[in-house]
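One chain, chain A, appears in both complexes that follow, with chain B as partner in the first and chain C in the second.
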Partner chain A sequence: MSDQSTIQQAWESKNAAPYLKSSRRGLDEDLVREISQSKNEPEWMLERRLQALELYNTIAKPAWGPDLSKLDLASITYYAKASGTESTWDQVPADIKETFTKLGIPQAEQKFLAGVGAQYESTTIYHNLKQQFKDQGVIFEDMDVAVQQYPELVKEYFMKAVPANLHKFTALHGAVWSGGTFLYIPKDVKIDLPLQAYFRMNAKGMGQFEHTLMIIEDGAQGHYIEGCSAPRYGVDSLHAGCVEIYVKPEARFRYSSVESWSKDAYNLNTKRAIVEKDAHMEWVGGNFGSHVTMLYPCSVLIGEGASADHLGLAFANSGQVQDTGAKVIHLASNTSSNIVMKSLSRGGGQSIYRGLLDIRALASNVKARVNCDALLLDGDSKSSTIPEMKIANNTATVAHEAKCGKISDNEIFYLRSRGLSKEEAETMIVNGFVEPITRELPLEYAVEMNRMLKLEMEGSVG
Partner chain B sequence: MKEIIITQRPEKNKTLILDQDCLVFEHLQANLPDKINTEIIVKDNVKVDYIFILESSEDKILSENRNLKLGLNSRLHNYYFYLDQSVHISLNTHIDGQADFQHQVLILTQKKQTVYLQENHHFLYPKSFGKFQLWAIAKERSKIHVNANVNIKKTAKNTEVAHHQQAWLLNKEAKIELIPALSVEPNEVKASHSAKVSNLACEQLFYLQSRGLDKENIKNLLYQSIFQLILNQLPSEVQRENLANILNKYYVNK
Partner chain C sequence: MLLEVKNLSVEINEQEILRDLDLKIEAGTLHVVMGPNGAGKSTLSNVLLGHPNFKVSAGKIIFADQDITNLSPEERAILGLFMSWQHPPEIEGVALDQFLFLAYKNIFSARDKNWQAPSVFEFSEILKKQAEILKIKLELLKRSLNVGFSGGEKKKIEMLQLSLFNPKLAILDETDSGLDIDALKIVAQSIKDYHQNKGTVLLITHYPEILDFIKPDFVHVMIKGQMVTSGGEELINIIKQTGFSSFIS
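Here is the complex of A and B:
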């Protein structure tokens, strides 16, 4: 993966966007029809888009959470196609390829990934899966292609876990979604290397609405990593993606993501997994970028013995609001869940943990635990924790704990007495604070996350 | 320490100004008005222990808005009991001075009772101390909903807050919803919160049954242990006895 200065350069690099000439701002029915037509979609998908558009026009923005009043939805470019999809990097346009090279994607694919999907603006520009996995029946495809090639599978699952009527931004997503990843792992197939997708916004005022749909069949295993970034222009951009994961009986799946959208982006993503009998789902996430993030990955445990782990890290720097958390809904008996959330705030940033643990009446013998800790790195920042626990079955055992404070003066003193500077000492302590999250990532991504932390910490006084 | 006993039917709007060290024993029972608004002001340098018991088997929902204001260097230790009654309570506390505020709540519900408790505690002054403890036991088809927000404002540096909630659901149809929210603005604070919901632990049940106790007696032991935790903290022997007599009927005969 890239070193620190290269990462920064990669995030901030801006390519020319001549493709914007054939795009426009704002959303109406004509645009939705154009999107569908340009993808040559079947009639059923167009109908779903139009139904979603109707919902979008009627549902209000959420009345809770961060202030979204300044998000001007009429000034967003909802669809812009920069390039077609290629299966080798040599065929990708040079400027786009250079961006992804700076981000380390082609190098990572060669060294340690099973497959890679790269999205630039609204469409996937590169998608590839190593032959050994194709031979086992694994499908790892651009979502637009999957709609054409695997229509029955897609139709069965598309926007069922995350319906368009869930909230305004799932309705928006349903209307204008483009690109994304389709993953299908057949029964009992275990993919021992991670698959990666990287989502890059380039142009000013851009919106990205990728759809990720994953079906992990009985007994299968896999690990998927997602990264994303965008350069900063000082005008709003919008990310309202959607992730749906179906973890079938006895399957195991891990979804990791490291989000570093530019600090003028609104990141309003919706992620949900349906976990069946004796299956296990893991969410590992790091949220560093965006001006406002509202992100609450959700696990719905519908099968007996299902379990879910949610590990998350949010860093709210100056001008940022990280409103993140986790939701677990226990519908079946003998299910368990574990949520560990870490948040850091500095420079006036606000971090909010917002969680829901919902144990329904028919879910007996549920075990659930929530642990959320917050570190305030200076006196200007703010941290809030709003954990909601709804328990309707008396056999459940639920525990929640949280701590909030600043870096201990004693710890700083000790490390400085060992020759470290104040900044080095603080960075070391922060790395220790977030270690329960970073250790769950593959080594290369853990190193990258630590580098991102160091970037965010630069200038931190504490 | 002066004792103030309140047992009469309250006026709908009541203000209680506490300007000397005292123990307040407020026990409200039958014939309660549907809605009560109460303001309690603890003056600077005053220490108050406040025992508030709301119990009644009347088949109606009582609602109360209660506002508390604490002055500089004051101390208010609350012991609130919501017993065998459907209530909607909104409690707002403003800790305006360097104060010691402890708020302990016990909720017992049964049948189809509903307790809805909305609490907002605002720390506005540096070096204050807050301890919040909730115990809740829901039986039969009752429901308990507690939304407790502790807000430590920017001006309240070096404040220390601990917020704990523990609940037991003793029957299959009982339900509970807990939101122990914490909002912190200054970084020089120590704040923690925790919540736990469970039934009687299998191991505990097994152990006690193996000692000859039946399930009803075991539940009584649970009640007794929680009551003792609270009673041990009361400063007055007399009020400890009064309170024990009130609480005893909740586990002796049930």
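Here is the complex of A and C:
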């Protein structure tokens, strides 16, 4: 079997996940109580879960955007652990393991990707870093652990930036969330090294409805990154994660992620940052895989002088809809934002840029730039741009640029006439197209992203 | 015979651009094809290189004793065909040196199974040496391919590749257009160097100026998709004096 076909199979696999077969499907109050109980959660968290469940039962699926009618919410396994299934690495199918190995992913990360509760074997580096963070008062923990150990912090911020009533899937998330990352950087602490997801991979049951909560105090700085170059072999075909980031006055934070989902998954993720006075938030994201992705990281600029950068890339391959974009809400004066989104479509895939730029009446002298760039890799693929702009203050300076084009035959021919194969030429052009995004990633993630692109380029028809 | 084009007819979008065209090029010679705009000169060079948008409706192309009519552009590059483009594309985000390294490895490893690829460092030394000969600013090598390069810089980058890939036949498509006199001299010199080093040249032009620097062995006049006359240098003088009108029957 060639490398390619194995990887293809892993991607297109219907998520049979035999080791989780006995888990229970569907959602009701009993399950929510069971989740909370199995995590030994305090009463207030259970109450929030139950409130969210109530909202979930009353809110309809979004009536806009990609077609979600085939998403059968009653057949989803919401909590794998609930049935007592303890999945292990040994039960993960051999071909999936093989794919991970071929992609060069370390075993600790493989276990995470496979959705099995991994016991992370701590390395010296890991310990040293952790100790250093601890000495500075940094908390970097699994979200479930944070609920137990830092209840005041969690209680104050949990689902305030992303309230459960935002839409159906945040309500769902509020009811069944499990695992995720908690990060607290105290005042004026600056962390140069990117904090990576696998530093806290000793937790169980993450992946599907993980909650990420990050609090960056005044004047603090940090960079969090998570990524994988393989499809997450999830419990079921729905992912509804949530990321909340609080960037306090004069703080700076960057959140980077390279996400890849198996090709039958619905990835309905909600990410929001609240950015205070003179603080700065950066989102860097790459989206691969999934059947449908709806993801629009949002920055709410609430303090004067706050700013946000959104850099994103989405790749829609055969049978996929990537409905992604960015939202920036300018609530204060002298705030600025910059959105750069790139999309690639191939094999009939569809990319949609959906954005919102919302400049409120009291926000004067706002500067905003939106730049979206779509590249179609063949004649069957589609791309569209839906940039909503609400500008209620006429002192704003807004620039918007959207480009959409098919990959140039002439450029491909040029590179081929210099000895590159058609695939190499296309990959080179595509890598060049996304370079403004990859250059913002740490080297190993940039390499992973290019590898992802290469796989997407090879693994398609036509 | 290095190149033999036999009865070649070519269409694009069902429109015939080349009709029954013949051309023979002996190894080591320097040929010039001249003709007015729209004669099909650029089509000829694109077809020789294997541009997939052009359809060969009749005839064939023999190169180095092999029928290459249906070969891909990359196979032709490996066999030793090279074209210097009139308007090489600008490709954002593709670093010139990285592209050249991949192309270099592809071409030479396919030409010779025992070929040892240079390291990145060794390759950058090779590049630097060539760039200095052509008076190319070294910082260009790190930049996106042709993005924001001047006309002269683009042509020099094409010449850099000519010397790098060491082809059997170099097709130079309007290589002299858009150059100032200093750049023209440098480009002409690199063509001469290549030719004196046993390279075979097919120079396509509609300006005779470059021929003040380069002496052709053969001159062909192309009108409306066909070679109407072939001869020696004397044809250049006719074109200089009366243009192409005397060749249009």
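Criterion: the second predicted complex is superposed on the first by the 367 of 462 C-alpha atoms of A that agree within 3 Å, B and C clash if a C-alpha of one lies under 4 Å from a C-alpha of the other, contacts with A are read in each partner's own complex, and residues count from 1 in each chain.
In this text, a contact is a pair of C-beta atoms (placed from the backbone, for glycine too) under 8 Å apart; a residue touches a chain by one contact, two chains touch by 3 or more.
Small disclaimer: the values here were computed from a predicted structure and weren't measured.
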Task: Judging by the criteria at the top, classify the pair chain B and chain C on chain A as clash or fit.
output: fit
Field: Touch count on chain A, higher of chain B and chain C
entry: B
- prompt: Does the superposition put A:Glu424 against chain B (first), chain C (second), both, or neither?
  reply: second
Message: On the chain A superposition, what angle, as a multiple of 10 degrees, is formed at chain A by the C-alpha centres of chain B and chain C?
response: 70
- request: With the two complexes superposed on chain A, say which partner A:Gly319 touches: chain B (first), chain C (second), both, or neither.
  value: neither
Task: Identify the partner contact of A:Gly137: answer first if only chain B is touched, second if only chain C is, both if each is, neither if none is.
output: neither
Message: On the A-aligned overlay, A:Gly26 touches which partner chain: chain B = first, chain C = second, or both, or neither?
response: neither
- request: Go through the superposed model and pick first if A:Phe413 touches only chain B, second if only chain C, both, or neither.
  value: second
Task: Considering only the touch criterion stated at the top, classify A:Glu435 as touching first (chain B), second (chain C), both, or neither.
output: second
Smallest separation in angstrom, by C-alpha atoms, between chain B and chain C in the superposition: 13
- line: In the complex, the residues of chain C that touch chain A are 46, 49-53, 72-74, 76-78, 82-83, 85, 88-89, 91-94, 99, 102-104, 106-107, 110, 144, 161, 165
Task: Using the touch definition up top, name the residues of chain A that touch chain B in the complex.
output: 361, 374, 376-379, 381-406, 462
Message: Residue numbers of chain A touching chain C in their complex, please.
response: 408-411, 413-422, 424, 428-429, 431-436
- prompt: For chain B, which residues count as touching chain A in their complex?
  reply: 154, 157, 167-199
